[in-house]
Amino acid sequence: MYEKKIKEVILDIQSGKLDTEHAVQALKDLPFQDLGYANIDHHREIRTGYPEVIYCEGKSTEHIVGIVKAMLEKDVNILATRVSEEVYEATKDLHDDIIYNKQARILIFRKEAFKVSEHKVLIATGGTSDIAVAEEAALTAEVLGTQVVRLYDVGVAGIHRLLSRREILDDCSVIIAVAGMEGALASVIGGLVDVPVIAVPTSVGYGSHFNGLASLLAMLNSCASGISVVNIDNGFGAGYNASSIIRQIERG
Amino acid sequence: MYEKKIKEVILDIQSGKLDTEHAVQALKDLPFQDLGYANIDHHREIRTGYPEVIYCEGKSTEHIVGIVKAMLEKDVNILATRVSEEVYEATKDLHDDIIYNKQARILIFRKEAFKVSEHKVLIATGGTSDIAVAEEAALTAEVLGTQVVRLYDVGVAGIHRLLSRREILDDCSVIIAVAGMEGALASVIGGLVDVPVIAVPTSVGYGSHFNGLASLLAMLNSCASGISVVNIDNGFGAGYNASSIIRQIERG
Amino acid sequence: MYEKKIKEVILDIQSGKLDTEHAVQALKDLPFQDLGYANIDHHREIRTGYPEVIYCEGKSTEHIVGIVKAMLEKDVNILATRVSEEVYEATKDLHDDIIYNKQARILIFRKEAFKVSEHKVLIATGGTSDIAVAEEAALTAEVLGTQVVRLYDVGVAGIHRLLSRREILDDCSVIIAVAGMEGALASVIGGLVDVPVIAVPTSVGYGSHFNGLASLLAMLNSCASGISVVNIDNGFGAGYNASSIIRQIERG
Amino acid sequence: MYEKKIKEVILDIQSGKLDTEHAVQALKDLPFQDLGYANIDHHREIRTGYPEVIYCEGKSTEHIVGIVKAMLEKDVNILATRVSEEVYEATKDLHDDIIYNKQARILIFRKEAFKVSEHKVLIATGGTSDIAVAEEAALTAEVLGTQVVRLYDVGVAGIHRLLSRREILDDCSVIIAVAGMEGALASVIGGLVDVPVIAVPTSVGYGSHFNGLASLLAMLNSCASGISVVNIDNGFGAGYNASSIIRQIERG
Amino acid sequence: MYEKKIKEVILDIQSGKLDTEHAVQALKDLPFQDLGYANIDHHREIRTGYPEVIYCEGKSTEHIVGIVKAMLEKDVNILATRVSEEVYEATKDLHDDIIYNKQARILIFRKEAFKVSEHKVLIATGGTSDIAVAEEAALTAEVLGTQVVRLYDVGVAGIHRLLSRREILDDCSVIIAVAGMEGALASVIGGLVDVPVIAVPTSVGYGSHFNGLASLLAMLNSCASGISVVNIDNGFGAGYNASSIIRQIERG
Amino acid sequence: MYEKKIKEVILDIQSGKLDTEHAVQALKDLPFQDLGYANIDHHREIRTGYPEVIYCEGKSTEHIVGIVKAMLEKDVNILATRVSEEVYEATKDLHDDIIYNKQARILIFRKEAFKVSEHKVLIATGGTSDIAVAEEAALTAEVLGTQVVRLYDVGVAGIHRLLSRREILDDCSVIIAVAGMEGALASVIGGLVDVPVIAVPTSVGYGSHFNGLASLLAMLNSCASGISVVNIDNGFGAGYNASSIIRQIERG
Amino acid sequence: MYEKKIKEVILDIQSGKLDTEHAVQALKDLPFQDLGYANIDHHREIRTGYPEVIYCEGKSTEHIVGIVKAMLEKDVNILATRVSEEVYEATKDLHDDIIYNKQARILIFRKEAFKVSEHKVLIATGGTSDIAVAEEAALTAEVLGTQVVRLYDVGVAGIHRLLSRREILDDCSVIIAVAGMEGALASVIGGLVDVPVIAVPTSVGYGSHFNGLASLLAMLNSCASGISVVNIDNGFGAGYNASSIIRQIERG
Amino acid sequence: MYEKKIKEVILDIQSGKLDTEHAVQALKDLPFQDLGYANIDHHREIRTGYPEVIYCEGKSTEHIVGIVKAMLEKDVNILATRVSEEVYEATKDLHDDIIYNKQARILIFRKEAFKVSEHKVLIATGGTSDIAVAEEAALTAEVLGTQVVRLYDVGVAGIHRLLSRREILDDCSVIIAVAGMEGALASVIGGLVDVPVIAVPTSVGYGSHFNGLASLLAMLNSCASGISVVNIDNGFGAGYNASSIIRQIERG
């Protein structure tokens, strides 16, 4: 179905039925590839500026391999998240350039070298245990061409660790604050800077932390203005969101 | 029943059946006054060092008046919390020395002037909206003979307001941190000082704050050590708890 | 305390102890005005680029009036949210230029005409009942100098209402999606555009909506990438967050 | 006890005490077979039109084998759900015609070939990870004689994948919408069609998804009319419900 | 914008660019009327077979009046739910044929007499307190042309009240079970019949009922197959859903 | 329908079709009176030994009056719970012997004087605020012929108040423990006695008490054996349950 | 410490300081055996009529063995619940008469043959999956000398399975209703009988069952009177509670 | 960065720019050691009086080893909590004096013998299963120089076990009450003593205990005054908090 639709659009352009502007619009909406168990959205890159991302949790290894193969054939960039080592083992021989980061559980295939944005995203964590989530954010942002600065283990229990790095905070365009426990890092950073802050609650905690609920609620209720929040442990979402802001900035 | 039991103890002491030590113990456990709807614990002051406190929420005005009358007759100190103006109106003529604080909803009757401890409790709030709860804590502590220092509206969204008062933090023996929203004040203070910190979550917030749940969970999950927590909006509990610590300090 | 600190900084600058760079830093951190019940953060505008905002819920009318007076004396812009009509009545005579929007419950005092950003924020709502929250976002953004486009009642139950306005979606730099019920608007918009999307769950719904919880969870779990979320009914936070992104874009 | 009751009914029919209509009614209510640990409802097929279904979660393998054996002896159709591979291993040799679908965890024994309804049920999923639940629905419906059309991975993050298949949506009598994450698929479909939509929330998601709660609440709060919801991951329930609707349609 | 689009479609039909089939499709998707605060979906009736319904909770009286006026001008049927008496007072003079049911809080305007379906929906309630919700369902169904049978106060605490009416249960094509408390009515009915059952949990209960949560969870977890559930107190949704099933049946 | 069925049973008895035993059984199951909005279960007294109870919350005053009238006509005992003063005003003139207890919100009509059981139920409360719920339990039990002993305000914060009354605890056959806050009263009593303990959590508390949830969970998780629990504030249920135990005891 | 206290009481009796009545009382309160990690309550049998029960979940095997040994030495009956097979292996050689039931996870040591009460407890389950919990209840009751009747798999989805056994329901003094899913069994039984009903919610279910929460809430909110509830899966508690009722009955 | 800052302070002291008092303050705030993945707060001991504690849950073994090594090099005391045996194996060879307690999952390195406070902390548990958490508290307190008294398995189901040890309760300055199930131990102790009580809810329980939630809520809602609460299973926090109180007492 996919190629037929592309052809129709092309014919319409050739016949003059579609002018340039509408042709782009038409291409934005249509195409995807039907694998039966998945509809891969190859033209997502045209529509939203980013390639489709494969979220691997809950998908069978067989399905993931099928999706990766289909994308490799179309020669698009690949970003897969929540990739278990088992899945990596099953995909690593599909192409020499597949890269896997175990801590962040991210798998990357890049057609060409990443571009690097001029504007920076700072990724800060409250503690050492939050680093896995922070790296998911960092790698996601880097794949999307965003320059990343890391500032780890600067939680509020020793607030001088953060305050002594004010110059780093002031030198970036977006901040991602990753924290478990009481998640106060986002509020403190939000009160110090005038750039957008994306808060990522993590599931680091125990007991009444309820697997991240405590951090999530704290961040949603921050007394500092200008903070928005993504799902618990959603490093990918924060990295993606930050990159879309950076891209708007670089577009001007 | 109450006076009979006291008499028995006295007889036992007179007869030598009870030595001094056991007589104190016996008096500690026994006495209360049965009003039918309430068993007033007059000797609580002997047992725990503090008079019984009347928690007025959910009690009928009629019952509260009866309890206050019974306590006035025994000539003990009275501390009543969550006192509505209606209840105050119904009790204010029972004795000239009854005092009412509307913001903290506290009613006090004191037989003699409060003593004032040498050691201080600092009560800090995140915002202006937390002051009612903070005042419940402050007045409770003061009734119990504790010296209180107030430091209001120093929340983490403008953390320099707190950091610029470090000398006040360092000059007290216990700190009560009262905060709604994300409740981060307790964590930041906990990381700066080496005294016990009692955190009071307040119901100040909306939406996913769930009437104080967000602050409560944040405080229970603080990454700063040495913090303990009382119920949402429980200024009384924090003031009482702080006073019991101060008393242990002054006892040495 | 406030003026004394400013003086110290000035003296340090005069004496050469502080060079320009450090003087700015010092001024960023210090100053606030202590009213006893509030520490007004006048220099917040220097530090974060925005004036302090007065969140009125839970504050006594008396305290709010005091804060507004203090700010008027300093001649700074004022933005107050969750302003009841009672509070407005108590403040409206303090200055001729005080403006009140009843639907959005926002009170504004502006020293000078707002600037208007070149880049636009689109604010979309799922239904008519979400408009009050959307207007809180819109007015907040406008006070902060951001150009706003409104697109109301375009929820997913009649998705052609949204799809037929694709050109409006494509013409803005940030989108705020305001929705109650199942909150699906954010996901659908997030799949159509390549700009940052800020989702605002509203409390519009009943039964198992649990006062906004259903919308909140849906938005946090969006299958569309690039979405971040603020608290339930937090139009202010979304407007502020969007404005901080716009500002970064205009700075370039 | 079971056979005795059947006999009594038969005697009553023979004696004329029961006319045809009441005899059917009597048979509808009575019979079941008591295994001690289970009361198998053999005549459920008469009463509700469907054979009894074995829900295997939490039952011991030994009990399940006993139930299957008893049903095979009565020569009725068997549909077992949530069947682990271990249970399948223990039952597969009981009869040659036992079929097992590992993905849907369903075990089937059919006395005769399925009939196939003229009217169709469309089963759509938001993503690839939802397919296991969708297949539980599909196989259940097919066992019950319903014609099924599958449309997988058409979630709202790429809504053109759904919109481009409008003709499939319009060609069926009932739609089952299976989705995890924010579960918006049900709302979007509900707004496009005029047939009953059964929404199945899945546990696909993480963090604040709370194992399906987010999808469940979203679907219950859909702004589209005409949607009803079954339990999280309850593919069986949706397939059964859809089939009972199809049957009413075919009955006319 | 609305009329312009209609014109375009018409021109396309006239010019032969659109054949009949595609013209219907085009009209299905496009038209709505933009009031600024609402986009009324007049052609929803073509697309889904039902007129747009006005959900009044949270909408201002002014907005509702505006929407009703716009719909009266277009001469379409009107169904408004959750209509307060205040709103009714404001709308009742707009047209002589506006009808209001106070118990069900429903407002109706019908262009012509309702048709009445041959197949019936049975609406049963557990108790007397559930009747308001049941009437919302009943009136919704009747407006949509569905024949309704009522069976109220037949809850499981006195199960003979239900069992003695088996003939009524067996005589309908869809059953709506409305119940608060433990919501067991749906399960008991589901075990007795072979037609689709739509369960409506109500907020009738107290304490650990949590405003309908107990009934909702019970119904979602019914051990009877073939039950689907709508939101707490959502009589409208159940009536609408039942009517869409009835319509499929009557279409055959 | 009601009288017809009674007649049928009688005819069957007369004709010898029903022997005594089966006639009782038949009468146990059949009869109720259909008011349209309510099916009054007049013979419930035969079936369960108690008259039907009217739970008034959520019922319209009109419906309640109708039910009371119908019951008065049948000359049965009446017990109505959650009766507002407004409802009492509307019913009090229906019969001279109607009694209303405002604190317990209970309305009673008794055909003859209550019998009083030999065995006693002790009803204990943690505090004075729990008395309204305790009285609902006490009056319910007394209406059902049970002897009640009251022991109020003996909560665990002053445990000597309870321990000094051991002889009262030991002199009863069932204990109802009514408590809000942390609900520990049930556990302490459960550890002291060997009779069944029915725990009633109350909504007395604030903040993280969540309207009774804290007490409910505590009581369900009691470390003392032999405790069972009813719904939050469900004094009626506890009184009823205790009475059914007492009745079994008196039957021997 | 334990023997010393016993001696003191004995001396007091010998000296006439304690009369018979007070001696019993004294023995009721005092004695326990301190193992350091456990205080075994050997005289609990005197005080509450039942031996102390060992709840094994969360205790180390080493501790459990120590407790069992200490109890064997005192020659008291032993009832241990939630006993893993590992724990059984470690204790089975301590005495020949130790019995273990794997399904109910119960370990029993009995000094003498159980007595069997004349009055019966009926234990009914909704499904086959609930039997493990039911057996915990049954064995607990039997150890405590109670006669038990089992009636399994009679859930409300096939209500005739229950109704056809009315004579069993009517022949017992207490009923324990064990059910997962929507837990409706308790309500239906409660409406049929006039004896106390103890409801045991089980964790049998999935998705929105939330590990037993759905059943628990349903049972707490039963519309049938006279039902009380124990913790999720707490077969032990129900068996114990039922036995304490039976004992009161047999005492008369 | 760390050493450079220390040098600056020293230079300032040498030059007289910093007097003694301010030098201490400066040293309090500055120093930490940046390992990239962790910022070790070596001077925390100066600032808060206690060494930094390593919370090991969620940290990789590699990171923990790195942190321990860095701390050993600085020759500070080490306290690590939630230490798995795997982590212990990886660190035990780093220094001969590393001690590991498996039950409490605590790892300790001490430069010198612990001091022992004159004032005592009593640690009481409700049951044997709570001992692991209690030991985490006890060892933490002991490492921090606090004298600990243990009183285990004295829960309220056998309250005489607690009451018979009144003299132990009266002989300490702070009490830590550790309890799962309904957590009533804290309330009973709180009513008996006049010292601060720190309550530790544990996750010991099942079903509606919700992994500690029941105990947590009970303790937060205690009717006894003077109780504060830490997170579920947070033995460390309680031990730390108690020690900070003891230290204030010993300072006088």
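Should a chain be cited, it is by its letter among A, B, C, D, E, F, G and H, assigned in written order, with residues numbered from 1 in that chain.
The criterion applied here is as follows: a residue touches a chain if its C-beta (ideal position, glycine included) is under 8 Å from a C-beta of that chain, and two chains touch if they have at least 3 such contacts.
Here the structure is a predicted model, which is why all the values come from computation and not from measurement.
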{"item": "Fitting chain D to chain G on CA atoms, where both chains share a sequence, rotation angle to nearest 5 degrees", "value": "90"}
{"item": "Which of A-C and G-H has more C-beta contact pairs", "value": "A-C"}
{"item": "CA centroid of chain A to CA centroid of chain H, Å", "value": "38"}
{"item": "Chain centre separation in whole Å, for chain H relative to chain C (CA means)", "value": "41"}
{"item": "Distance from the mean Cα position of chain G to that of chain E, given in whole angstrom", "value": "49"}
{"item": "Shared interface positions of chain B, touching two or more other chains", "value": "127, 158, 163, 191-192, 207-209, 213, 216, 220-221, 225, 231-232"}
{"item": "Chain-chain contacts as defined at top", "value": "A-B, A-C, A-D, A-H, B-C, B-F, B-H, C-D, C-E, D-E, D-G, E-F, E-G, F-G, F-H, G-H"}
{"item": "Complex contacts: residues of chain D adjacent to chain E", "value": "25, 47-50, 53, 119, 166, 173-174, 191-196, 198, 216, 220-221, 225-231, 236-238, 240-241, 244-245, 247-249, 251-252"}
{"item": "Complex contacts: residues of chain H adjacent to chain A", "value": "1, 5, 29-30, 32, 36-39, 41, 44, 52, 55, 57-60, 63, 67, 82, 201, 203, 211-213, 216, 231-234"}
{"item": "Chain E residues within the chain F interface of the complex", "value": "127-129, 131, 152-154, 158, 160-161, 164, 180, 204, 206-209"}
{"item": "Chain D-facing residues of chain C, complex", "value": "126-127, 155-159, 163, 181-184, 187-188, 190-192, 205, 207-210, 213-215, 217-225"}
